[in-house]
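Input: structures, listed below.
Next come two complexes, and both contain subunit A; in the first it sits with subunit B, in the second with subunit C.
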Partner chain A sequence: MRRLLLGLALIFMLVLPLWGNNYIIRLTTMMILYSVLSLSWNFIGGFTGYPSFATASFFGLGAYAGAISQLHGVPMYLAWIIGGLVAAVFAAALGLAILHLKGHYFAIASLVVAEVLREIVNSWTDLTGGGMGLNLPILRLDVDVQARLFYYSMFGLAIMTIIAASYVSNRRLGFGLRCIKQNEDAANMIGINTTIYKTSAFVLSAVFVGYAGAFYASWVNYIEPGDVFDILLSVKPIVMVLLGSAGTVVGPVVGAVIFLFLEEMVWRNFLTFHVGVLGLLVVCLILYLPDGLLAVDFRRFIHLKGSR
Partner chain B sequence: MNPILQLQGVTRHFGGLTALDNVSFDLRPNEIVGLIGPNGAGKTTLVNVVTGAYRPNAGQITFDGKRIDSLKPYSISRLGIARTFQVVQPFPKMTVLENVAAGALFAAGAKSLESAKEHALEHLEFVGLAELADSPASALTLADRRRLELAKSLAMNPKLLLLDEVNAGLNPVEINQSLHLIRGLAEKGISILIIEHLMKVVMSACYRVIVLHHGQMISEGSPSKVASDPRVIEAYLGSRFAAQQKSNAL
Partner chain C sequence: MLILQILVNGLVLGGLYACIAAGFSLVWGVLNIINILYGSFIIIGSYVAYFTYNYLGIHPFLSVTIAAVVLFVFGYLIQAGIINRVVAAPVLTTLTLTFGLELLLNNSLLVAFTADYRKVILENPLGILDMGGIIVPLDKLATMALALLLTGLLYWVLNASRIGRGIVAVRMDREAAALMGVKVKQIYAITFGLGAVMAGVAGSVMSVIFPISPLNNIVFLSKAFVICVLGGLGSVTGAMVGGLTLGVIESFGGLIFGPEHAMTLSFILLILLLIFRPTGIMGKKGYE
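Presenting the complex of A and B:
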């Protein structure tokens, strides 16, 4: 049943560009990008239990690494890979520096990194264009073709992320990360090298985001610091994962899909207050659905109705 | 025979407090040794120093011919030292089987999760928890959780096991079962250091007892010798009682 659903979803996603208009395609590309962000955050936040707010740092870093490479003549696809690698190397160094912090301390440390990077990018005008932002080379392709090219590229990245997530989930690494989440001291005592495990999770949570950042730069053709180092880029994936179900493979994707629909609805209907409504949504989510939608036993409702 | 564990002048300070003061002793293979002392004597600190949770400020710890006093906990546990915690520390959201499999996978180096689970089941049978293998660890009673701790430590395939008050809070029947288990472990060739407040356990299970008081080793020897040592009586019951005992004896 589950396999069938997943297969149908996959086929649906593959054929969607054949009939969808550009608005639909753009929206679903965004949805897939969100899925990549939430799947990535799930490595460090969901499996390992470390409340990371570093997603914006990785995204912005990837975006600028990709954009600068492309402006220096690197082909687009290679620039995306460079974006991913730069974010991964940065995450490894950052992880070794701040992953010994726990709980709120870790959250705050990871949060300020994006602000620091934004300031650096703002001031390093020679390389990054500063507050003026960067314009990327425009693809000489038909608009419809471009939309589909980006759609399928993003889709490929999402598939890679899902494969990585399910691989980690079923192997030694995922098992060790779950141990760390539940009791880090005990995990250390039973022979888990917690430093290496946590850093691996952090790098995994960065590499696909960096790639997505570089992709985003090529997709929208123009980036500026406030856009790609936006704090909301760190917050949204967390909401999506919590909305779906933390520490699972499907949860983050489900969360991302629902979140995008909610966001689009809220944004359309509360133009001046959409961030506020989003905030209320987050509060309700934490209060009423602490374990996410996938943890809700829907069969219970059916059963209750039947017994009455 | 070469000692399996050797402490030489091990000292550990916490700020102005000396939790361990120049402690030296040997543990021989297959030995069951009791470590006793009043609350705050430094017993748990000793376990934490041996397992690498704290580094000693001075002194040497040798395990199986290797210096271990500067290693991290995960590498010490891979060398073959396992411990149980005074406050039991399961992975609450995992099943009992997964808890034990974690020990087999990471410390004992099982090749895959599947083979780790097979080993884990054997250890669960040994401690008598096989029927609860699939229930979550958080659902266990205290006695079962202590047995789970034991199974988890066993799965790590240790040469030396440090048992930190595994019997605290158990009723007499459960204590007898636990004693039976501990003797079974020793028969498997594992050296055991038991931290214990229950004198019944110490007297019946240990060949040798080490007594700590204010971080210093104040006595060492057979259980009966230690129990009649005036310094030990003084540490537990105060100097007046010790003097009274002495005059009664005269």
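Presenting the complex of A and C:
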């Protein structure tokens, strides 16, 4: 049953661009991008239980690395890979520096890094264009073809992320990370090298996001520091994961889909208050649905109805 | 001479910072909650001062009392009604919750007051104090003195009043305090309210110096973070030391790197401190 559903979803996603208009395709591309962000955050936040707010750093870093390499003549696909690698290397270094912090201290340190990076990008005008942002070379392709090209590229990345997530989830690494989440000292005692495990999770949470950032830069053709280092980029994946279910593979994807759906509804109806409505969503989520949608036993409702 | 002038500027600024951080540090230390709403609380305090001055003619130094009452009620209700429900949950839960509340509150402020920068312009400024070449505007000096006085008041409340002793008891050992008959949830709400009061009075006195806009929330919040990490967590003395240190560092940093990088400088300082000395310069947990 579950396999059948997954297969149907996969086929649906594959044939969607054949009939969808450009609005639908753009929206679903965004949805897949969100899924990549939430799946990535899930490595460090869901499996390991570290409240990371570093997603915006990785995204922005990847976006700028990709954009700058493209402006220096690197082909687009290669530039995306560079974006992912730069983010991964940065995450490894940052992880070694701040992963020994716990709780709030880790959260703040990861949060502040994005601000510092944004300031650096803002001031380093020669390389990054500063606050003016960067314009990327425009693809000489038909608009419809472009939309589908980006859709399938993003979809490929999402599949890679899902494979990585289920691989980690079922193997030694995922087991070790769950141990760390429950009790780090005990995990250390039973022989898990917590530093290596945590850093691996942090790098995993960065590499796909960096790639997605570089992809985003090519997709929208223009980036500026305030856009790609936006703090909301760190918060949204957390909300998506909590909406789905933390520490699972399907949860973040479900969360991302629902989140985008809500966002699209909200964005349209509350032009000046959309951030406020997002806040309201977060508050309700934490208070009434703390373990996510997947943890809700829907059969209970059906059963209740039947018995009455 | 320049060095002395900058030192004085830094200390004046630092007095305000101490006041900003005291309430934030209190909530963090006692409830183990990072109050992301803090920046917006400060801004509400500033608006109270702005509107009472412009429409009722009450001087900001007096309207601190109004700001204190307004924010205590507001803070108490938020903690008692919302945050208390998840107060023992993991860090991620409480952090995300206050973040959501902040998005909601700050957006409401933006809609209600617009993003325009406002400032309290006093009709009768106090003038300027010239101490042999070192120049300090008296309004700023009075603001700093008042801010330090209010911080001192918080110290007194925590140490001498019955409620204050309850707060300190809960901070030291929640279970033991509950067994001794302290109503923990109520103490949480009062603590959060007191934190909001410190934000409100800080915002109120600062309205004379800094422009007011809902967009400033991140600036204030990040200052509070940095000071808490600098001075160590949960003690009023720590907030004082951290605040004054940050004020001086920012003044000199502004001289060396240019004032536009003051914020980045404090962030880099924060990261370095977290990496190398997460317990703060005081180096011990403060249970006063």
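For this structure, a couple of remarks:
In this text, the second predicted complex is superposed on the first by the 308 of 308 C-alpha atoms of A that agree within 3 Å, B and C clash if a C-alpha of one lies under 4 Å from a C-alpha of the other, contacts with A are read in each partner's own complex, and residues count from 1 in each chain.
Convention: a residue touches a chain if its C-beta (ideal position, glycine included) is under 8 Å from a C-beta of that chain, and two chains touch if they have at least 3 such contacts.
The structure displayed is predicted, hence computed values, not measured ones.
Overlay on subunit A: subunit B and subunit C fit together in the combined arrangement. After overlaying the two complexes on the shared chain, residue contacts for A:Val220 are found with neither subunit B nor subunit C.
Of the two partner chains, neither subunit B nor subunit C is touched by A:Ile11. For subunit A, the partner touching the most residues, choosing from subunit B and subunit C, is C. Contacts of A:Val145 after superposition on the shared chain: neither subunit B nor subunit C is touched.
In the superposition on chain A, no contact is made by A:Ala93 with either subunit B or subunit C. Between subunit B and subunit C the least C-alpha distance in the superposed model amounts to 11 Å.
Counting contacts as defined above, no subunit A residue meets subunit B in one complex and subunit C in the other. Against subunit A, the residues of subunit C that register as touching in their complex are 28, 32, 34, 82, 85-86, 89-93, 95-97, 99-108, 110-111, 222, 225, 229, 261, 263-264, 267-268, 270-271, 274-275, 278.
Residues of subunit A touching subunit C in their complex: 45, 49, 51, 97-98, 101, 103-105, 107-109, 112-113, 115-116, 119-120, 123, 235, 238-239, 242, 272-273, 275-276, 278-283, 285-287, 290.
The touching residues of subunit B, when paired with subunit A in their complex, are 51, 53, 72-75, 77-78, 82-83, 85, 89-94, 98, 102-103, 105-108, 113, 152, 156. Within the complex, the subunit A residues that touch subunit B are 170-172, 175-176, 178-179, 182-183, 185-194.
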